[in-house]
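Going by the order they are written in, the chains are A, B, C and D; count residues from 1 in each one.
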């Protein structure tokens, strides 16, 4: 009987701890997103009259979005607004989790939502609901259905991205002796297959592959040469390893691999590095999108056929997104505007409800150390 | 000079609702084979389980070589020179014979500082033991692929691997062939000559006269007598085992036995049961006697449609019927009450009423299948009263009832189906004396209502006391049939043992 | 017998108390949470599919089974339905979706009953299988909603989303089914003692297969709502769905070993998870902390369950005294 | 009723059939999948196989005791990230490996204790700890860890046997040999099987069931730790989800290897083959020109067919004994 009582007490204690933890967790996170502002006693709402802008990345815990957040926070501090930042964990980077978070924000009536959707259509109903509630909806990094958002802050046009990636690969390949008379097989490593950016980039790449300039590069078999490993690290690594093993100078081998996600490109570099018989670095090339930090080692390694990487300035992306959201809410710009004065970034054009950050950032061993994200 | 190596004093052990051992005493000397004799449920096996640490006695002392001992597990007992061969096997089905024999006391060799299992040595020792037992068993075979007899031999071999001074055999011959029995007796004699003490539990009196020196009879958990085998005879032992006042136990009602209602002709299943013929008349109690594994349970379960294919004719009220599954039997009024209440008979974590209505739930529900709990309580209440089931109400969990009351629930459950033929498999197993008498009373009461009953029992006195006719089964076929008045324990045993 | 009248603490009450505590806690910190539209349109709506599938899952777990493939059945049904809608229209899509759910459930049931493979292994294999088929057939891309699904996912009836109505209806049906009907009783008895149930003449195999089919059908139903709610679905959308459903059922006090549990528990479990999901979000608690809270609540519930259960298990034993010593030793 | 003759040739085991199947697949690939047998591909498969198998051996032990662990993926993620945090300091592999193993042991022992102390079924208990592990993880580190030094990636990038074979394969080989040896020659392994077969009888046989289960989880935890360090060091960047989804692959490997989730049976060699089959599927279909979208379906089909075939074999075997086991046991 005594033991039973003890058990009961323990159970009761755990419930209490739980509640305390919940409340503590709450108050703790209230301050976290506000970062350096510190000491504010805001409770998520806009009791102090400040604008609240909420930012939802595809997932948390990866330095691409972490860098975006840094830029976003910078803009928020500059503008004196409250920034909420949350997203699904990486292994649950699904629409469902994003919607859960969005619904919470909609209920709190935040002023603007900045989102990078995991699935452009599946998130649309929720975004529309937000718009109906008078919340400005900005997409960044990846777009949603056009009618479900007010503005899209695009880091780079798909066209420019596709061309940039192909150009990077082409330059390397040409240097290694490929060209019109010596065709090169290329392979792409994408993400999950429904990501709007990756789909658009793929399309752009295919478009450019048809042009005279790049038609020496071919995707021989769409079924096997475009990889969709998803977001599991082990899977991405395993599929990149398979790809590396298929690379080499031969006609039935692959000469260039382009990573379209910030997970895939470093994985390519790492898997090349760990391959037992490294394919001849003079015959193949690796490139793709990733943050400079993720590629640093491979780019600086002379032996590694990964010499350039491509990205845009993530911090600027986050900064611009918050600027756009703020000004849209304030009425400084409307969806009809053609340009925005985005603080330290200067004036950016808005075309067809799309605000483009700028050109791609190509980094190689000469400048890779200049970036820290 | 023979010294006492095992002594039990005033052992008391009770289980929920049952007092299994009531101040039992026992002693074993070195170099003797001491039999423990008694009816089923008299407490023989429980006593030995107390000795070897499976159960902790509530009261009493155990002395091994004059030293008080209390073993925590059979392994602990083994290590202290007491080994036991269980009646029901305690083997691990998915493991090999060798692994089972040496589990917990594997032979270890030290190699490069590592303690490794010495398979060669274990194999050698096991082979030696099986040679001594005059049996051949593949040491690498999985236990699940073995037959009962082989399992029994593995158990024996396991016990022999311990160089035990005290060895307890719990009905070791129940499923052995004659050749194996002979080999076992040779071993027992050898062990005896080596000066070890052997406890031999059996209800086969012939065996006791064949190899034992002394015999202790227990009944209903109580000590009755200890005699030298040389100075006694079968009758004396039987009298001790059965005890007084048999009439009180078996209140057989005088009923008019009507016409034949159930008949089975040339019944075979796929291999074991052979050419079974029997019949049952209205208001009659027909007993099925035989040794363990003789096929009584298998026959009844097969007839009721529990187990696969079978060939032969089954007639009910003169009409040939086909039973494919138990529902067919149930719907025709043939109801089977399993011997294993906990496993097949009752759902112990459900209430009394829920158990009683389970086989015919649709009769206690409206046309929307919603169960009418009042109706359930009503019928359960009826039986609760009629059979004097000791429970506060019908919502009482069966698990909290004593064995006897559980059995009454089992019977109620069958009777609620309004059967014409009731098959009772070991209706009084694991039930204490008083409950036994009550159940017997219920059974004879039923025949008065013109119910026909088939009763399987391993307790001959029960069959002798209750039945109008007894079939004796042996090795899957019917070996004989006796009418009331002509059957005796000896006649039945002589056929069953043969 | 006196203590029968005494107030007994059941697990469901404890669970309900936990829910109320959480609910009040959240409502106190974040008033937004209490708005009816948030409770209805967000909190309930977001849990509907999981809550819906948890109902038949409760039945399955009570009868001692488990189904790890529910999320994948749902996605497969939506995938095939969505694809059918493109070519054959909405009506065909509805039939295809329902048939898919039925067949998937049937496969699970048949393999479990006929091949006698443990439910866990079977549904683990079919989990891969169904996931793989939906991935292969959809070529990894999104499948879009069709008329019927959109209706199911987005319309409201009397100001309450239609799926909430459906859920409430299912809750009533399943609660009555488990608590009151012969089938419910049989499920418990299978879970408690399958042998004895078989020996009572109940066709255990048939019931098992039927339960897995029902589960498949509810998954198909959930797939309409899911598809309608999100307008599109992808093969991996069911990530963690299976475990979430099982978590809810276990949280509701249903024993994973079968035989014990109730629909009410599952429903309260669903409410707890829904409250935590939406409540913690509205409090701006990061997802990671939310996961910990979820885990802790589950652990608390499991321990609470153990406490209540051990009390209930305490058997009223009838003690029989041994004979006095001197009598026996005569 | 004594069945003496039922002794099938002892080598015709589940594992044997599985090996034949594997061989058939390998031959098929040799003929139809051009380039499959390049050193690089084999080595990359072997690397994946290594970490899968190491953890699968641990999972196998857990499942033999008729428990299970669904938190492995989260556990591996935690260990990966924690190892990376240490690895950032430039510590060499000989330090990282034991550190990872110790972390694995600690976390897995928590699982084991939770299961044995509260008597909550393993699948439920580890379901709960999964959430705790998953949640604690991002709290400890801010997202992922980048730009890890060469000392960290040494295992994947540098450590090659004869310049070809990844060191992870060597680790796997050593662990597999030890496991085969351990499961055959240790007293402890017999306890595992006994507990899996029948906890009650095992207790009667004097086995400390709780202790044994906790130790089993601890051993498995050490193996999960090894797996984690191989996964973590595959690149110079470690994120919070390194191990996600791993537990299902492991359980599938173990099941495919013929271990019953009911416990008490199963051999290491079966898991060795089972894991290899599952690890080959993805690269194989890529080389065969089939879209990777079908890989999960093929894995599912393989597991399904193998368990169903196995079950029907069992049913057939059972039919030889005419009387069902339970009837026999009660026939006394």
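Simple rule for what comes next: contacts are C-beta pairs under 8 Å (C-beta built on N, C-alpha and C of every residue); 3 or more make two chains touch, one makes a residue touch a chain.
What you see is a predicted model; the values in this text were computed from it and never measured.
K.L.:
Need the graph distance between chain A and chain C over the touch network, please.
P.N.:
The fewest steps needed to get from chain A to chain C is 1.
K.L.:
Can you name the chains that touch chain B as well as chain C?
P.N.:
Shared contacts of chain B and chain C: D.
K.L.:
Taking each chain's centre as the mean of its C-alpha atoms, which one ends up farthest from the centre of chain A?
P.N.:
Farthest chain from chain A, going by C-alpha centroids: B.
K.L.:
When the C-alpha atoms of chain C and chain D are each averaged to a single point, how far apart are the two points in Å?
P.N.:
Spacing between the chain centres: roughly 29 Å.
K.L.:
Averaging only over C-alpha atoms, locate the centres of chain B and chain D and give their separation in whole Å.
P.N.:
43
K.L.:
Determine the centre-to-centre distance between chain A and chain D, using the mean Cα coordinates as centres, and give it in whole Å.
P.N.:
Computed value for the inter-centroid distance: 33 Å.
K.L.:
From the C-alpha centre of chain A to that of chain B, how far is it in Å?
P.N.:
71
K.L.:
Give the residues of chain A touching no fewer than two other chains, as numbers and ranges.
P.N.:
Within chain A, residues 60, 89, 91, 228 contact more than one other chain.
K.L.:
For chain D, give me the residues that contact two or more of the other chains.
P.N.:
Residues 134, 138, 291, 293, 326 of chain D touch two or more partner chains.
K.L.:
Of all the residues in chain B, which ones touch at least 2 other chains?
P.N.:
338, 343-344, in rising order.
K.L.:
Under the stated touch criterion, can you name all the chain pairs that qualify?
P.N.:
All chain pairs meeting the touch criterion are A-C, A-D, B-C, B-D, C-D.
K.L.:
Please output the residues of chain A touching chain D within their complex, sorted ascending.
P.N.:
That would be residues 60-63, 66, 89-91, 221, 223-224, 227-229, 231-235, 237-239, 241-242, 244-246, 252-253, 263, 266-267, 269-271, 273-277, 279, 291, 293-294, 296-297 of chain A.
K.L.:
Which bits of chain C are touching chain D when the two form their complex?
P.N.:
Chain C reaches chain D through residues 111, 115-118, 120-122, 124-133, 135-136, 138-140, 195, 243, 246-247, 250, 255-257, 286-296, 298-299, 302-303, 306.
K.L.:
Applying the document's contact rule, which stretches of chain C touch chain A when the two form their complex?
P.N.:
The touching residues are 18, 21-22, 25-26, 29-30, 32-33, 35, 38, 42, 46, 139-142, 144, 154, 229-234, 236-237, 239-240, 277-278, 280-289, 291-293, 296-297, 299-300, 303-304, 306-307, 310-311.
K.L.:
Applying the document's contact rule, which stretches of chain B touch chain D when the two form their complex?
P.N.:
Where chain B meets chain D, its residues are 54, 72-76, 87-88, 90-95, 99, 102-104, 106, 108, 115-117, 119, 138, 140-141, 144-150, 174-175, 177, 269-272, 292-298, 301, 307, 338-340, 343-344, 458, 475-476.
K.L.:
Which residues of chain A touch chain C in their complex?
P.N.:
The touching residues are 4, 7-8, 10-11, 14-15, 17-19, 21-23, 25-26, 29-30, 32-33, 43-45, 60, 84, 86-89, 91-92, 94-97, 99-101, 103-104, 106-109, 119, 121-125, 192-194, 228, 230.
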